[in-house]
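One structure below.
Each chain gets a letter, A, B, C and D, in the order it is written, and its residues are counted from 1.
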Amino acid sequence: MEVTDQELKIDLQKQGVLMTSLNELYNWGRKNSVWPLQFGLACCAIEMIAASMARYDLARFGAEVFRPSPRQADLMIVAGTVTKKMAPQVVRLYNQMAEPKYVIAMGACAISGGPFKQGYNVLKGIDRYLPVDVHIPGCPPRPEALLHAFMTLQNKIASQPLTGPARPRHLRAGAPSEFSVPQCGPHGLVPPSNPAVWRPPTAAQAG
Amino acid sequence: METLEEICFRIKTALPAARVEIIPNASPCGQRSLLLGREQGLAVATFLRDDPQLRLDYCSNVTGVDWLEPSLPQGFVQSPSSAGLKKEAGEGLGESGTGCLEAVYHLFSMAHKNGPVVLRLRTENRLAAVRLPSLTPVWRSCEFQEREIFDLFGIVFDGHPDLRRLLMWEGFQGFPMRRDYLVADDFECEPTPHGDVPKRMSPRQGCAEVIQKTATADPRV
Amino acid sequence: MRASDEAFFNFETGVNTYLPVLVLFLCAAGFALAPLGLAWLWAKRFSPTKPGPDKNATYECGLQSKWDARIQFKSGYYIYAILFLIFDVETVFMLPFAVVFHRLSVGGCLAMLFFLFLFLEGLLWAWKKGVLTWK
Amino acid sequence: MSAILETPVRAFESVSGAGAGEMLELAIGPHHPSTHGVFRMDVVLDGERVRRLKPVFGYLHRNHEKIAEGQSYLSSMPYTDRLDYFCSLTNNWAYALTVEKLAGLQVPERAEYIRVITAELTRVQNHLCLIGFLLQDMGASGTPLMYAFREREKILDLFESLTGARMMCNYMRFGGCRVDLPTGWMEEAQQVVQGLARFLDEFEALLTGNEILMARTQHIGVLSSAAAVNAGVTGPMLRASGVNYDVRKVDRYGVYDRFDFRIPLGDHGDTYDRYLIRVLEMRESLKILRVALRDLPEGPVMDPKARLRGFRPKAGEAYGRIEAPKGELGFHLISDGSPNPFRYRVRPPSLMNLTVLEEMCMGRMLADVVVILGSVDIVLGEVDR
């Protein structure tokens, strides 16, 4: 009966012997201390603060340390409506963060402009300029939804291999860690979206 | 508090040159307003603030309004009785009948704790002559609100200490809150499997030539 | 030789040796530098550095910083800093004075007080010059 | 009077006085831990002293008014939750009050009482958060905010069981409220109100006598009453400067004339007064809540005649205002008889209270600017709309 690694590991764990691989150890350390950037834009920021307070306790996921400076943060939670006047600052802050860095688009506004989609000064979603790892729908999403987003992000980090073609962006020398910062033009942002990151979805014709 | 007619009469006695007119309001709340001539606007405002009986020392709200079609000013506040009044006054309407831009001031008195006195100042038309006297030297609370009206409607306030765009960025062209402003078309709604959503939407072409049509010249210069 | 010296020298070789101190020092240094070395190796092997124009730019609340932060500061700051430095160093000299205070002769006490007076005089000069009041 | 009107020259040239060393021009920018959102202040610093401070707005301008012009009156109600996202129920009430004024609708007795109860709960919750963030700006990172948010969660539970949402309640309609109180809500609310009274004593025991708080806030950011009135400052900030003006007492809207509550007034107009005014206002709100919860009448919650579908007020305009926790929140609606408002204007108290920010911060230390901004209590959703 061929014993898989997983079962072997569980049996050994029962005997008190911990078996792990370098990759798992590396990811275990990173996923349990994701430091978010203190980056509240609008109403979702208040739910983010409520999530980090005593009742919903973001500290259980090692993420209650909100770093004001992008240099010491691993995760940017875009919590609130990204307006066209604020978009260059959001992208520049993302560029100033150190690798490995992740983005959570919290709330409908950060995902696609949300209720303010028809606004002339509202960016229709931050994924036009930044690669987004986890989207949380809701307006504002409840603190539990933010906790679930952290779990999703932790699973994603845990499943990142250390070597091989599927390794994450921060381990690949060629992959860019900076994205072009848009400028505020006469009528809107120039360019309207970053083609390297965002391609308009094509309509899958029904039936 | 005195009725609007008394205030109107007191203003005329204090400032004979001022052109003041009462605009009726058909809504049940009955908040009628005073339409002031542009030239005497600042003088009347100072009088309203410094007059011991009125003491309107608190300007709560300044609203910008864009009357696109000329007919609308009467249609909106026109009660049938004062239709005739509009004819000979003639000034309330944009001279060339092209509609006008308007700033509405809601004044309260914190000293006497009484209700709103509504002032209206209208520009000549919507394209070239969009200048109004700024009331910031009288009430400092108008400073940000007038900057916002300049930013979103394009009314230039003479005498404003620091007239810049308040909400949009400096290089932005066009006045978004005007009724004929077309939003740049990055609102393209993601096509759905049904495909015909973009066609149903109202015409929102953001292409360059359409945007050029709306007034984009910087009126301050 | 008194008992305390005895212990210091009495190793097998009976030679005055600093070997244990050296070993301790190397262990401490190794204990500190080993993880750093490993981290440096890991970074070189696994995660490449990706400097970029935006990442190296100064962080100014998300904006592009137009102004240079290196400017001429008011001279008051410099004098304030020097005064602090002097009094900070003075407390270091106070330590031995405090340790042997109960066994000190009158002469020693006077010498220390004279040392303190020197600083007091400096402080009074600074006070009169108005450096301490902050406009 | 003229000294106030002579606003300082705003041209932003680099000012470097002789011998005083150069001035440092700095942007306390859109992304900053202490600006309560995306608010930016361009500051010219002489060492630590502020020589010039120019606020920059617009980073959260979400075009609420333009969107409101394109949709019906009722569909703008959920947008008012997102104006001042700490106090969604007072925003709803201000908008509902203005539309009722515009269309001349009546509100049943029970709905008026529920409006007073929810508004006062919102006021308590808003002042709690403000004090928590004010202490956070002063450096007490975490502890006061934890206390404040612990109590806020209790109030949010009440809102959630009543309206279905914690922060975005969308509860009031033109002519009443959307839904009646669930069973047991009254007892729960009374327990929360008693708990809050005990908590306030504990909170005040910790903070009001604290000498660090007093040292950091007394005589800081002083605002004279004449300057406050002229600059359109309203709410606790105006009353801290000693002006007795509270829209609840002036306009007597809703059923506020049935409750006797006092209006706390400050006499120095500094940051400590603003802190103390908010604590006293919380105590007054709790007094109102006890009385309102006790004699809440029975009856319908929604005016039977009010029509929700196809609501078309007659052509006209109306300006309605209430005493929101941050100040006088007003709505100016112009209708042309169609289901969409012709012009929809929000009078934001936070933006008006920021008019005097530069006067209060002139010549102060940079650390004081942060505390003064905290005491002004701005929320960017309302400032930029």
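Here, contacts are C-beta pairs under 8 Å (C-beta built on N, C-alpha and C of every residue); 3 or more make two chains touch, one makes a residue touch a chain.
Note that the structure is predicted; figures quoted are calculated from it, not measured.
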{"item": "Chain whose Cα centroid lies at the greatest distance from that of chain C", "value": "B"}
{"item": "Pair with more cross-chain C-beta pairs in contact, given B-D and A-B", "value": "B-D"}
{"item": "Between chain D and chain B, distance of the C-alpha-averaged centres to the nearest whole Å", "value": "26"}
{"item": "Averaged-CA centre spacing for the pair chain C and chain B, given as whole angstrom", "value": "65"}
{"item": "Distance between the centres, which are taken as Cα means, of chain B and chain A, whole angstrom", "value": "44"}
{"item": "Distance from chain D to chain A - Cα centre to Cα centre, in angstrom", "value": "32"}
{"item": "Overlap residues in chain B, where contacts from two or more other chains coincide", "value": "167-169, 176"}
{"item": "Junction residues of chain A, two or more chains touched", "value": "85, 89, 93, 118, 120-121"}
{"item": "Per-residue multi-chain contacts in chain C, two or more chains", "value": "61-63"}
{"item": "Touching pairs - complete list by chain label", "value": "A-B, A-C, A-D, B-D, C-D"}
{"item": "Contact set on chain A toward chain C in their complex", "value": "69-71, 89-90, 92-93, 95-96, 98-100, 162-163, 170-173, 176-178, 181"}
{"item": "Complex interface listing, chain D residues touching chain A", "value": "29-33, 37-38, 58-64, 66-67, 70, 78-79, 82, 85-86, 145-146, 149-150, 152-153, 156, 166-168, 380-381"}
{"item": "Chain B-touching residues of chain D, taken from the complex the two chains share", "value": "4-5, 7, 10, 57-58, 61, 63, 65-66, 101-104, 227, 229-234, 243, 245, 250-251, 313-321, 328, 330, 332, 334-336, 342-343, 345, 347, 351-352, 354-356, 384"}
{"item": "Residues of chain A defined as touching chain D within the complex", "value": "38-43, 45-47, 49-50, 53-55, 68, 80-81, 83, 85-86, 89, 93, 109, 115-116, 118-122, 139-140, 142"}
{"item": "Residue numbers on chain B that touch chain D, as the complex places them", "value": "25-29, 31, 33, 57-61, 63-66, 72, 75-78, 104, 106, 110, 113, 115-116, 118, 136-145, 161-162, 165-169, 176-177"}
